[in-house]
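Same chain, two partners: chain A is paired with chain B first, then with chain C.
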Partner chain A sequence: MGGIIEVLLLGFLISSLYALIALGFTMIFGVAGVLNLAHGAFAMVGAYLAIWALGWGWSLPAAALFAVGGMAVLAPLVYLLLIRPVEDRPVIVFLGTLLFAVVLEQIIGLLFSFNSRILPPLVDGILVVGGTRIPYNRLAASAIALLIIGALWLFVNRTRAGKAILALSMERRGAALVGIPTRNIILWVWALSGALAAIAGLFVGSFFGISPLEERLLLTIAFSTVVLGGLGSIPGSLWAALIIGFSETIVQQFAPEARGLASLVLLMFVLTFRPQGLLGRAAA
Partner chain B sequence: MSAHTPQRSRTRKPGLLGLLVVFFALLAALPYLLPLLFPSLQQNPFLLSKWLGVLITANLLAILAMSWDLLGGYAGQISFGHSLFFGLGAFTAAILSLSVGWNPWVIIGLGALVAAVGGLLVAAPALRLHGPYLSLMTLVAALAFDRFVRWLKPADRFDLGIPGAEGTILCSLKCFLSFSAVTKYYYALALMVGSFLVLWAIARSRIGLALEAIRDDEEAAQAAGINTAKFKALAFAISGFFAGLSGAFYVYHIGSAGPSDVLNLQRSVEAIATAVLGGMGTIIGPIFGAYFFKLFEEIFRPLGELRFGVLFTLALLTLLLVQGGLLARLRARLGPGRTAPSPTASSAPTAAQQRPPGGPTATSASTPTQTQTPRQEPTEAAKR
Partner chain C sequence: MSAQARARGVSTATERKVALRVEGLSVFYGKAQALYGLSFAVHEGEFVSVIGPNGAGKTTLLNAISGLVPYRGRILFAGEPLPAQPHEIVHRGVIHCPEGRSLFPYLSVYDNLMLGAYRRRDDGILRDLEDVYQLFPRLRERARQLAGTLSGGEQQMVAIGRALMARPKLLMLDEPTLGLAPIVRAHISQALEEIRRRYRMTILLAEQNAEFAFRHSDRIYLLETGRIVREGTVADMKEDPYIRQAYLGG
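What follows is the complex of A and B.
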């Protein structure tokens, strides 16, 4: 039957997607200390930027680049205009990003529609493993997610700019004192986070389709993954993505009617017994 | 700078209570005032009951938003899952009205009680959680309950389910309060005013004070001898109770309870937007927020979805400008002669936005007259 292999493969595919969605979210919290509840909306807007560009007759890679670049510009702008003025008041930032996400939903819904749209797959073709059909597109998404995570790890741990980000995530004031341009770095992290959100949005859009209200699901995934792993901890988020992805896949395989419930209940248990998440707030 | 200390300074004015009585009296007279003001309602009784229906939902939203405000605005526990408490009240009411068929008010009260217990259940793990972890807990609890209801499909166990709608219980035959829209309106209004009085009394009592202390600095509150766990649990229970009350009455208003309606996350978002629009941490603000929200929604119905975009944008602006203190900062920047369109007026917003994040030294250096600066510094120091 090959059930185990299927579960392993599907679980891995969905986990890497979750990791991709959560990555930008956790970076912003770890480095800038902002819990950006508009992250799901950023991913959604990214997907719609690609849809928009495709409408002009652009090729898919060009549209994807446009989406990623567009979000890399828009995210720091949102930070500058909306979040920076109230940055020292977490509750305002928290509710503000939530309301901004809802406003983005409405704007995109008005410009396009509230119906779901599907992006064409970045890679065509289907792989058949033990009776399960797996589009190459999903494999590509996992590969890209792994590449990005690896590149991010190298960037953070091996380059000067990355080390500056790391320093910032540990102690903002200390980083400023040793001459790290904290304000610029934070803008770059927002740009990176926006780009990552757009990539996640593109893949979600090509797997399941995307609609303006879909961003809530993306936000819930990012939020759950990041909190389960421990806010601000990138390794924690990756572990959490694996746990959530696999628990969902296993439940889907053996008790499909309880799908979606299992990972939520799991999350509640972890929050109850380990309130700081799996890896607490460790350094990135 | 009143923007930073809204509730204390404003609510102590004796004139407010009088104003409130006038406002409530006006609301009570509405079923008779409306036809006088709009002759078209006189000829068409259906139109009148439609508008009364809008006002009923405004009252229910007001109760929900006030319950959110006690937890979010006073205790600083930001809940994203108020749809859970609303839904608990709603499903309890729908199921009880079909199975036992007691007096509606008993059932509505029981619905609220079940939601209060739900609040306690959520509070149990939430007591150890702070900030975003707590918010996620409430969100996850609401989502999990939604999935749970769909999985259970309670509609299958009651004859009156809506076919095709997953888990939706229809109880319109068994759960109606009155055929008259006017009577129903008065019930809803009485419920809203009663909820307001209780929540207002709680917020102004020692409980409210303790909740505010927890919001401002939980550790300091604990050090000062406040049993933070007890008060947080209490806030969750009270908030759950009133959210459940709103949900239970809602079932008696529309005659059904379905997960995609009563458990919709949109309800939580609306409650938050309403509380923010009216003013967080005031209890009374959400009432005005709710009336504004529902009337705007109905009056600008031709605009379609755009009206929600406008409403949420307004809420966002209110949050940033009023609660976030941008308006106060802007006013301080413009100085005492702010009514005069000085040349700095146009550049002020961008200047305020480009200010380094939370730099108390920069703030006090650039605007020596700013009265809010000393208030800001302690919080800034406490944060670091």
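What follows is the complex of A and C.
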């Protein structure tokens, strides 16, 4: 009984973490047409912004807000200064964002050392259910993740700005011709993507610890989730995050060393039989 | 916007004010030149067609006016130069219903139509949606369906409806009947007449099918390899031996 609760909760937590990482990544691909290989680095830098602010004696919520706000400003700046000038050349964008990620790794490493850090928990205490010990922090994090994903879903599907983002991700010329200010919307999506990356980074930092090189793993997670769900598809990423999150957690219960394997096997099958991903649109 | 609403049903047939004026318009794709210094005008309430063979530059012309491609020369609407960005041009009431339609395939018909009114803040949007549904009853039936799953003719109706939802002062249509079955073409044709009768808007049509263009227009420009080679009223152009022979099947 306790084992099941633990798997459910941990699975859900991991899934929402993967969803948070993947959503920003897939939105940038869908709307701006950019495969942002610095997305994992954005999440990592977000966590370090919070660590930095904590060093000044800020409270954890204030530091978290600083991290999220900071990435919401930095991500559009990176796009404006680094990506927009070479936007029409996908290979340059690909290499450019990858190199930028490595540069961020090194800068953060020099400033904070390459050792892993752990962010303090948001809430202390442990809940005991049927012999299973569940930290309140995990419950709180799951609730926050659920709220953020729900809010994002409502924003995209129920608001005018969200509809504009969806429209832009489907048909850029059509969006321009109905009067959507495409350049502005793209900047806002970068801001949103940066904020989501920072939130994901905070989660990772507080559950598993974060180090500068961790960004590579985060990028890999974003990449596999998004490819499994279908590049550019928001619901696809959510489903894929659930599938990967739960399969990893379940496998870990029986064979901890094979945890990472589950998602790779899944990914291999999906790419063989449905290359566009679960909810991906067949290549246009 | 409300001025246009008031103008509905009011005869503007005698007005000769210039709505769109294009002066010395050239467009380059890299080193290749697509348009060579075009100059022409469309008057308020007028239906003007640009006809010509595939590759003559009709689509490029409309794309330049709606800000999708950079150009040299001047494009004035209601006496003022058009801004550079497509969304600012939409704000001026110049609405482009593009070749290939550019619908949002994974949004519903309803969402597609409502996005046509994206820049509007007035309270007439739902009334205009009702007008579009009256014009194309099929769209009301399919309101909840994803636009990408419709037939070609239905998609064209969505594209025209979406353009109308912006309340155009100038409506630019690019090959609205391309690839459609004759019966669907007749339906679109009917709708165009209805739009003209009801809204009295200025229309610029780019059309390869000369007979379709002649049926609807007041005046015609013939575009060949990026240059205007003939222009005139429908009556005059029908008498032109070159046009009769090359475009109207003798």
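By our rule, the second predicted complex is superposed on the first by the 272 of 284 C-alpha atoms of A that agree within 3 Å, B and C clash if a C-alpha of one lies under 4 Å from a C-alpha of the other, contacts with A are read in each partner's own complex, and residues count from 1 in each chain.
Simple rule for what comes next: contacts are C-beta pairs under 8 Å (C-beta built on N, C-alpha and C of every residue); 3 or more make two chains touch, one makes a residue touch a chain.
Keep in mind that this is a model prediction, so the values were computed, not measured.
Legend: residue contacts after superposition of the two complexes on their common chain; A:R173 is shown touching both chain B and chain C. Applying the stated contact rule after C-alpha superposition, one finds that A:D124 touches neither chain B nor chain C.
Judged by the touch definition given at the top, the superposed model places A:R160 against chain C, while chain B stays out of reach.
After superposition on the shared chain, chain A has more residues touched by B, the comparison being chain B against chain C. When the two structures are aligned on the shared chain, A:S224 is found in touch with chain B, with no touch to chain C.
Of the two partner chains placed around the shared chain by superposition, chain C is the only one that A:P181 touches, whereas chain B remains out of contact. Looking at chain A, you'll find residues 173, 183 touch chain B in one structure and chain C in the other. Listed in rising order, the residues of chain A touching chain B in the complex are 35, 80-82, 84-92, 94-96, 98-100, 102-103, 106-107, 109-110, 114, 173, 183, 216, 220, 223-224, 227, 231, 257-258, 260-261, 264-265, 267-268, 271-272, 275-277. Here chain C touches chain A in the complex through residues 66-68, 85-87, 90-91, 95-96, 98, 101-107, 111, 114-116, 118-119, 162, 166, going by the rule given at the top. Remark: chain B residues 76, 78, 80, 124-125, 128-133, 135-137, 139-141, 143-144, 147-148, 151, 265, 269, 272-273, 276, 305-306, 308-309, 312-313, 315-316, 319-320, 323-326, 352-358, 376, 379-380, 383-384 touch chain A in the complex. Considering their complex, residues 160, 163-164, 166-167, 170-171, 173-183, 281 of chain A touch chain C.
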